[in-house]
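Across the two complexes that follow, chain A remains constant while its partner is chain B and subsequently chain C.
Moving on to the complex of A and B:
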């Protein structure tokens, strides 16, 4: 196999490598006569990126035999491209034969210097495949990298995971506040309950998708997805440098999300390269808060599933949901607006909590069953994303889905859910009593009867 | 205990662009003391270690509709992470002032003290919350804070604040902090201890000495506030070091050793864009005090509603 690159192609190639290096450690290369594909999987197997180049992308592209597969350390490739791109005339990559142990990278510099690198191929390449149909996702959005960077600037820079909550734009309640009604998408910092969170900034950002996004499509019940910010930022930088918009496809919590550059009018049809980033999302939905008495549980290690996922918290039972949904804003609550709670409501809440604790046990059982089912259908080592179109819904998902059918009253755009909503003042406390300062504690659910 | 206010445009300018970046450089966390009249940022006043910095504002400078109440004489104090506070203010401002949102009276930046239950936690936590609503977006930033200080610590903080307000007998005005910053940037690699001498004649002398090399900078004929004296004419032709030694012998000058790191840090206050700065040494060489002065915009009158000063701990140079 041999290919060579120069000029703009080399620039794009370098950006691709930089982005891949921010996702995973190993660069798997698969070359056939129709395309060259790079992919990488991160160590926690929660992120998978694949970049394909058509032969037309290269100045020279030749392949001996049907297919060539090998993998190298992406760090080593980054070292090759450390030479400023402007000073490189062209890059030539050669694998003398399909079983060769080293790949030759040769840089011909403008000043006449030639730099040759031999990168050892990994002995046991861990080449994974992931096939996800972009058209299979019910929801999607397109955003300009610059706008996205601006939105992400609202969050603490060390934020690990972010939650996107998508609601339908057209299903506005008729009495919705005109100022708040259009902000159908919320970005929220995900705070890992298992970590010490004393020093994290909690951010909730509501945006109007028609203003901030190029395109936004979500129909039906609100959904939320929580995923890693680091990989997302890597892809944003990549798209920004390539001057293309980002197309984000998603379904719901627990299902993978897919990102691709939006090139021209249709994705990648006019381009001679394409990229895909698939990120696992947390199974836990942020839409309905967990009872605080339940301790969050980390996912037991399930290698086949192999995704950064937490044990899902118990979903409220439908009986509880009926109570909760009386309050229209149980989707994206503003904590400070939830200070009102009568004593009787609190007692009832406790009762409900007990019910939920019981039901939580059952649901966890279901979840384990569901996972077993997942692992059977997923090829060993493949990220969970691959189960997207290959399996039936697990029992838990059915349990999750059922209540939603009867739950059409969700709306995050209830006026009380917004800034300037009526505030509940509490009585003055003595600050010497450390447990009784500030505003009253906020219950996890605001239940008004 | 309650605190709620709206940040004014001027308050945003002062905090976001000037004070928070500077205070962040002085230390990651600081105490925020809110009283009925003033808002005060205090660095290192309770633990007494390191450079002390006090930035105080009359409440009207930063806020309108300022409401505070507590059973501790309407005083609330807590510790806050400055980088998070800065991020929260910056984010809220960007939402508040976004295109299309200007001029709407409802786009106000509300700041309040709340106690919230973070997701999946059992203990409610105190936060300083910023709420803003713009045309395209709305944001809530919850900045985690320490539990409000108990009464005894608030009293201790206020006592330390009173103590830190004491003015040195002689203050010399430094016209250009950038110049000092340049010198210190060059000198800081030489050693860790900086000798600062201030005389009643209006001289400021900075010097770093090591066994092999000694490098100093002297500013002369500076404006003196407080106790001043005429420089004796016979000193004119002497070296800077000798003149300062003679001034100290005549009790017309004082000299202290401070950490170069502390001194460089105090110069970060230049980010607040003060109109001038004064250096002075507290009686008996207890500390080096730097007072920054702000003018009412467009005038040369001191803006008494803003105050910023630092106190640098002095080092014991040893017996050699």
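Moving on to the complex of A and C:
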């Protein structure tokens, strides 16, 4: 097998290798007459990246025999591409025969140097295959990498896992203020409660998908997906350097998500090459609070998920009414510490936040990000269970607000914007999975203005 | 200090350098380790610095007296002393000012055999340094480089390309074999470790990579990577910017000589504080010569080399 690359194809190839290197250690290569496929699996088996090149992508592409399979260390390929791309005239990769123990990577440089790297390869690789049909995902979004980087910049750079909560966008009544778009999507930092996280920064970001995303489609109940940030960022960088948008397909917690570059119709090179990243998501949904001791919150590994069985989901779909017997988890304990609330008779006082010196609003202000505005209408109704991050405000709750928050006044400091276990006695806040109810935003901004 | 009066004991050497940066660059080129002791030899021809490691690698820096704006040598015997290279270079660096040329005077010996440095640039402030010297060991290093035969075996390659090649050759993690072939005229560097890498340089009319090539028979020798690396690891950026070439010669027994040329530029404008006894003409390309000698690794059969 032999292929050869130069110019822009080489640049794209180099970006692919960089991305693959950030995902996994071993690069599996499968070459057939119709395509060349690279894939890698990360060590925790929670990320799988696959890149496919059509023969037209290369300057030269020849293969002897039906199919060739081998694997090499990604680091070795990175060593080959250490030479700056602009000083390379072309790259030639040769596997002399299907059983060869070494693959030759030869660089012809512009200055006349020839560098021939001979990399040991494993010809009987244990190649995982993962093929997910992107049309089988009910929900998807398309986002520009630059916009996504801007959103991710709000999160602590050492963040390991992130949760995306997607809700259905509903049409607003006509009296909605134009500046209050519907914040149907939330990004939230996921902090493993079993780890020692006292110093972690928790961040929640509500965004309006029509503003931030090129395209957003989700119907039905809110879903959440929690997955690793490191591999995601690698793919985002890759798409950014290739100047393509990111298409993210998802279903719900526990099901893997798929990402691919969104190739425009005018992008001719895109037809020769495709990349996908599959990330496993955590089995436990963040939308419904469960006692962590009952549920090991581990990210699922891909092979189990890849089969897309209808495995019984960890969380039952029943609704949870807010009851005083609901025990806050360690997660919500954190929130409550942050959102110290003035005491109220009805408030549960399980948390110790009450006596914090910092005013809750100061804390919230310091953690407040630019985009958090809840503006949806709240259907009047009983303090029934709803999403923890949006709550209806009954009169009882309003009394519990921090002093600076007036009743019925929209405020960024609205406590219901935070996952807060002190609300336990109120409508349940603790991550109930209220499938029958839509996400409600807090209070009645629109009614007042 | 004015030297108008006759001093009780004239210093062995008083010299003035117009641009310290050039000296910093040339001495930095032979820094491959944190702690290195250099032997300095002063003569009527100039200053030579010699360094050595493990009986396998030797480096020399030649600063001819023509590089100096003033060079007063008064010793009877050639003074020889040892000094910590890192200390010397770091000390010289303190005299440099980014963006302009700074002039210094070097004087040896001080009252206690120190090396004395003094800034010459300003009339209202002075930087003054003393560096302790040590008596060097009188070990004779057998780095006698002799030509391999009647026809020299050498090639000249762009310094930047040589550095790039040697940096790339780190990946295999092995010693490096250098092959010279007369037909077709080519040089190759090869490492075989956990992976193989071969870098070929072809000599042809079009290439400006190999600037010179002399070889009448195939030659092949192996060198330890870390010593080969030392010959290019700290080449100053001025060498790359001026697109200079480095000459590699293989001598008897396979000893490798690597020569670099480091510009020790004159100041763009004459420095009024420095008495310039050199020619008033601007001499382009004032050069310090750097030489490295690398002993080859033992081969099982030495039949192919003399």
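Going forward, the second predicted complex is superposed on the first by the 271 of 449 C-alpha atoms of A that agree within 3 Å, B and C clash if a C-alpha of one lies under 4 Å from a C-alpha of the other, contacts with A are read in each partner's own complex, and residues count from 1 in each chain.
What we mean here is this: a contact is a pair of C-beta atoms (placed from the backbone, for glycine too) under 8 Å apart; a residue touches a chain by one contact, two chains touch by 3 or more.
Not measured: the values here are computed from a predicted model.
Of the two partner chains, chain B is the only one touched by A:154; chain C is not. Shared-chain residue A:118: touches chain C; no touch with chain B. With both structures placed on the common chain, the touch criterion links A:76 to chain C but leaves chain B unconnected.
In the superposition on chain A, A:102 makes contact with chain C only, while chain B stays out of contact range. For chain A, the partner with contacts to more residues, out of chain B and chain C, is B. Shared-chain residue A:198: touches chain B; no touch with chain C. Touching chain A in their complex are the following residues of chain C: 158, 161, 164-165, 168, 171, 194-202, 206-210. Residues 1-2, 69-72, 76, 81, 84, 87-88, 90-91, 94-95, 106, 110, 112-122, 124-127, 129, 131-133, 135-144, 147-151, 154 of chain B are the ones touching chain A in the complex. Residue ranges of chain A in contact with chain B, taken from their complex: 150-151, 153-157, 179-180, 183, 191, 193, 197-208, 211-212, 286, 289-290, 292-294, 296, 313, 334-336, 418-420, 425-426, 428-432, 434, 437-444. Touching chain C in their complex are the following residues of chain A: 76, 79, 82-83, 102, 111-120.
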